[in-house]
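In the part that follows, the structures are each spelled out as structure tokens.
Two complexes come next, and they have one chain in common, chain A, joined by chain B in the first and chain C in the second.
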Partner chain A sequence: MIKTRVSNNRLMKRIWQHKLFYLFMLPGIVWFFLFSYVPLYGIQVAFRDYNFVGGFTGSPWAGLKYFQQFFNYYQSGDIIRNTIIISLMKLLIGFPMPIILALLLNEVRMIKFKKTVQTLSYLPYFVSWIVVVTLMQRLLTPYGGPVNDLLGSFGAESIQFLNNPTWFYQMIVGSDIWKNIGWNSIIFMAAIAGIDQQLYEAAKMDGAGRFRQMWHVSLPGIRNVAIILFILAVGSLMSAGYEQLLLLNGPATANLGSVLDVHAINSGIREGRLSYAAAVGLFQSVIALILVVTVNRIARKVSDVSLF
Partner chain B sequence: MERKWSLFSVFNYIFLALVGFSMIYPFIYILAYSLNDGKDSMQGAIYFLPRQFTLDNYAQVFDNARIWKAYQITIMRTVLGTFLHVVLCTLMAYALSKKTLPGRSFFTFYIFLPTIFSAGFIPFFITLQKLHLINSFWVYVLPLLFNFMHIIIIRTFLQGIPEELEESARIDGYGDFQIFLRIILPLSGPVLATISLFIGVAHWNDWFSGAYYVSNKDLIPVQTLLQEMLTEAEALSNSMQRAAQQGGQTVGGVGGAGATPESLRMALLVITVFPILCIYPFLQRYFVKGVMIGSVKG
Partner chain C sequence: MNRIWSKGVSILLVSIMAGGLLSGCTNSSGNGEGAEGGDGNKLKILHNWNGSGGSDNGITPVEEVIKEKTGVTLEWEYTKGSETEKVNQIFATQDLPDIYTGPAWGGELDGIIKAAKEGQLVDISDKLGDYPNLAKSIAKENVPPALYEKAIDAYDGKKYLLLQNQPATNEDGMDWLYGFYVRKDIAEKVGVDPQSVVTKEDFYNFLQKIKDANLKESGQPVFPLGGFSNGWSVGIGNTMFYSGASYVDKGDGTVEHNFFTKGYEEYTLFYRKLVEEGLMDPEAFTQTDPIAKEKINQGRIAILAAHYPAILDASKEYVTAHPGSDYIPVGPLERADVDPSRPVDLGIQGNNVTAITSSCKGACVDAALKFLDYMASDEGFMLARYGVQGVHWDMKDGKPVPNKEWFDKFTADQSGKVRKNEGISIGLESVTGLDRINSAAGGDIWADQDRLDAMENARKILRPNGIHVITAYNPGDVITKSPEWEMLKPSMDRMGDAWKEAIFAKSDEAALSIINDLREQLRKTGYDQAMQFTNENLKGKDIVTVQMPN
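The block that comes next holds the complex of A and B.
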């Protein structure tokens, strides 16, 4: 009894000593409550007939009505398939690209050249998707755009790149790579810089050229970082990038570009079907969670590297 | 031997030069286009330099009251949002960097949990509605006040500051708050610069809030304005351009000087990108470190 009171007092004293730091944290605690935990609590609107007056808890229960509505929607299969196709393409093509860039940059001996290319490669990451899409429209238009001018000078027919089903995936994946490759390569550059130089010396002794050093030393050296980032990337497999798709979807490509995020945003905000959209969003989050946990488990089994 | 140019390194240099070029060329092209006479631009064949140099597009963009208003909104939200974000995240990170703080791991988990399991877009949107943030300027600032990753990056940096500094300050009679203000903050320049860049760019580039949370035209930021022009101008400029190319100089009005929706759009785009273009190269060495810390400790 006496002992606990003493330690209680000691804890209270320690808390009191740290009062200023709790004050420092107070805005953050309130903010995370309002903007993260309240919405988490609000997930239940997916199971309710949401109306503004009733709010999160006062609206009548609807059970699984909105999930059924989504799965019965004639396009839901297409929407899920589009989401998976687009994000798989981004993952399979886009994921290795920053690694390749980092490996190639690492082979450059002219420091100035290397720094210049690196600096330029970060640039697109810092502009908005609006800017990227505006640039694409201007550069790729068949009416006086430089890309089609160049094609024309080789005698090729000019191409309608945007809002064209034939080129849709190339545009989506290509612009995604262009925007993110430099930024995503930073972490791999850092990992390569952390590799023990003696390993390179040893490889050189064994007669390995630059390319073989890259293959047998650099690449294994960034393996762990790559696995972690891959797990994270798989977690977002269910979201194909709503900003980009909201902007790049045109009437002609709507069939290919209608993905879960875009569907939820459009049906939720544009059409005001909030409960339905929340159900779509929840479906997406749950699948994402399952994917991360699964991939994490596989990674742990196969390679001893895991996120959690 | 080491200096010898192998086939691999020749190809490597050429390839990387092309990569670098592809990153910067779109911006060079847009700059040239925006500095060229709008109607002349419709004939195409501008690549690196303007053909009929003019500042007319910029004059017209700056002449437009709506664009000024949008710019004002963007600058206000960026300055205010960045300042508040950095101050509040730093305070929180400093508290969490105290190893003696009771409940430290609980609070860390409290802010970490929403990053792995978030509610999704619609419950968040409803929360904004309930907080009366829809159609208000504060919808740009408040939802971006905190960010788990940024707090962790700052915390990791602060933990690297030797504790002896604090102890000696305490001996000199400094209180907790004075230590924070006079010892910790002055040493945190690099990490604060990184976080400012991250959040500043996020504020500057955000078009989504303007498009989906706000309908009041006076509250639209620049990026959202650009987005509106994107949809409006595309059809218009394509048809004008087609006419210009098919009919040459004779088609109505073409040949005379003047701005077009397309040339105005490009001028607006340049003004939108310009501030970022100026800032990020200088902050590079900081944010490279920031990304590393964030990914290692995250």
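The block that comes next holds the complex of A and C.
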């Protein structure tokens, strides 16, 4: 019976022919279903006065009460502004960094050195933010931290790097780049590896040096991947990084570092206002969706490359 | 043949991946056997006190006795981090223990009351008759009045919460001796008698003298003032600026929140000055407990703010290595708007609420009640506090006397681990009903004499007029019943954060602006109406308007 139906459908026939390969998609499909689609059901909490007895479906409807509460909150403007500023800085400064690293590593001919740099640059990605921030606290403290000791040995004044508005953005963006640059460069390394070697040969024949080859061959070769990743990164513009900001933001920098992610977590977990936190989270997601769709459309018009 | 192998391996791989994914989604934390309809032999208990911990060696000798007496084996969970967050988290995720025990104040208690009202806890009102020790711990006369109305008898006759550690008699009231303590050697070095420091100006000058002395320990600067994790509790200097209570007397028979007073502004600007002039550890509010203790152990904090037992524990190692460097009390400092001859007002009351969660059903509830009632008995009380009779201690002439071998072991152990491995200080003391440590149990037999002497000495200095145990109504318990509370609470919760932000502000004006912005938000969210409700409900009642930290 199934065979008959499959034979009527070319796509289904192809899938059936390669069923073993398609079977490998199953865990991915299950993952997406469980973690990306099932939770959508919980969005309704943002529109309900959630209580434990009623649960998701039995709690009374609250309309847009929690969205109003958020926009009436005296710091909501500052929180949105901080989120966008920090995300934009991460995007504009942080996004090109893995591309630059991948291009530079591609030019390295000593394989051992290249592998070592690659490994060292990947490692921070696997270190939790708690460890990273503790390391930063230990290294950067003006009271016995090696960085300030080094500055002192050159006769420089000690600097309070953390919990200091003057150094706040540098610390946030710098630590984010340090943590993610290696991991994010992998996909660009892969894209560069896929470039036809004949293009390099042809460029060489035309007299292009190493820099010209990088500019005219490597960079255009990874252009499409970069655009796709940029569109995805824009989707995170309303999400400045929960763990990092929760740990690195202190009372002295609160006017710069209070962001939506932390506000939502604090409201939900610290204050037990689950519906309010869900409303803030939903607001973030809706803006992110609008941004992705907009940037995707712009990218399609400008470069013919788009996500959908 | 190859094709069969290939198919088999592929299917196996996919099964492993999908199986692994699904098993990751299952809740394997378990809720004790009771949750699964078992016989309640195993109870999962959450001890919701940040930094608490248990034995390294599995079941302890004390727990063996509990098992023998009640048939219950305990499975512990301890909190590392905010207690309030933990309360909200367990109910939001439904990852519930069988027994919850945690702080009886602030956001933690609010979360538990909310859970009780929303059917997340077991109603024990019809069972209390069978468990006299538990019934006694929440009898009206044994619970502070506002707490009784707010948390114990607030559910139309149903009872969900038990209160522990309420002093059974005045003699049992534990004064934690909160205050500022200075390193004796540093006070001598800068030539200041700590008892001559009385006014806020004296206190500021003392800090300044320590800073000017430019002291260093292992090449690192010594901070004039420091605290424990997240700044606990450097802010206790507030009593020099207003009467210390959350709600202060306006002078017309009504109260207002201290956040709206002139004294609060002065208190904020004073601390801002300390931060700006480098008199206070700037990392105090962002440090973890291990980092705070490391600084104390390195001898880098001159004046510490906290309760005395915490200071004695944290400085033990350094003092042992550097005799004469022990922390001694500063003051007593002046109290704003309070007659200096007045005894110190302390809100000594039970510090722990315990509840059985809805995760525990049937036999689990009976087992939980049996266990809790046993712990609240005199036998259970002494087991939790002193250890196993005949092993760790014995009764001699009607008094508990420590076994010398164990006394020496416990005293020599600076980490407290030896004691925990025996089952003492692992959280059981939080479920022992009324505190009878002096009136019924003969005092703390494990306290070493030096510690007792230090506590007694501090008590004589800091409490020259004795103490007064507050029994009045706390407006903070009444305002939560106002119709505006739901909208107001998030703004009220921000006060502490706003204060911290203000003391790090660039200028006094910026600091006051942070305070005033929040005041405006409080008014916008119904503060005035909620206060009117509170004052009306407190008319004719004795209200807490003066308080010292306890």
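Note that the second predicted complex is superposed on the first by the 270 of 308 C-alpha atoms of A that agree within 3 Å, B and C clash if a C-alpha of one lies under 4 Å from a C-alpha of the other, contacts with A are read in each partner's own complex, and residues count from 1 in each chain.
The criterion applied here is as follows: a contact is a pair of C-beta atoms (placed from the backbone, for glycine too) under 8 Å apart; a residue touches a chain by one contact, two chains touch by 3 or more.
None of the values given here were measured: they were computed from a predicted structure.
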For this session: Once the structures are superposed on A, label A:Val108 by its partner contacts, choosing first (chain B), second (chain C), both or neither.
Result: first
Exercise. Looking at the overlay, what does A:Trp31 touch: chain B (first), chain C (second), both, or neither?
Worked result: both
Exercise. In the superposed arrangement, which partner chain does A:Tyr122 touch: chain B (first), chain C (second), both, or neither?
Worked result: first
For this session: Tell me which of chain B and chain C touches more residues of chain A.
Result: B
Exercise. Is A:Leu274 touching the first partner chain B, the second partner chain C, both, or neither of them?
Worked result: both
Exercise. Touching A:Val131, do we find chain B (first), chain C (second), both, or neither?
Worked result: first
For this session: Identify the partner contact of A:Ala252: answer first if only chain B is touched, second if only chain C is, both if each is, neither if none is.
Result: second
Problem set entry | Contacts of A:Tyr74 with chain B and chain C, given as first, second, both or neither | second
For this session: Pick one for A:Asn51: touches chain B only (first), chain C only (second), both, or neither.
Result: second
Problem set entry | On chain A, positions contacted by chain B and by chain C | 20, 24, 27, 31, 34, 52, 134, 137, 141, 143-144, 268-269, 274
For this session: Within their complex, state which residues of chain A touch chain C.
Result: 20, 23-24, 26-27, 30-31, 34, 51-53, 69, 72-74, 134, 137, 141, 143-144, 160, 162-163, 250-252, 254-255, 267-274, 276
Seminar exercise, completed: Within the complex, chain A is touched by chain B residues 6, 8-9, 12-13, 15-17, 19-20, 22-24, 26-27, 29-30, 33, 41-47, 88-89, 91-92, 94-96, 98, 100-102, 107, 110-111, 113-114, 116-127, 129-131, 142-143, 145-146, 151, 176-177, 201, 204-208, 212, 223, 226-227, 230, 234, 238, 241-242, 245, 262, 265-266, 269, 272-273, 276-277, 280-281, 284, 288, 291-292, 295
Exercise. Which residues of chain A touch chain B in their complex?
Worked result: 11, 14-15, 18, 20-22, 24-25, 27-29, 31-32, 34-43, 45-46, 50, 52, 55-56, 101, 104-105, 107-109, 113, 116-117, 119-124, 126-131, 133-135, 137-139, 141, 143-146, 149, 178, 182-183, 186-187, 189-190, 209-211, 225, 228-229, 243, 247, 261, 264-265, 268-269, 274, 277-278, 281-282, 284-285, 289, 292
Seminar exercise, completed: Contacts from chain C onto chain A in the complex sit at residues 6-7, 10-11, 13-14, 17-18, 21-22, 25, 82, 84-85, 87-89, 91-92, 107, 110-111, 114-115, 118-120, 219-221, 282-283, 285-288, 291, 300, 487, 489-490, 493, 497, 500-501, 503-504, 517-518, 520-521, 524
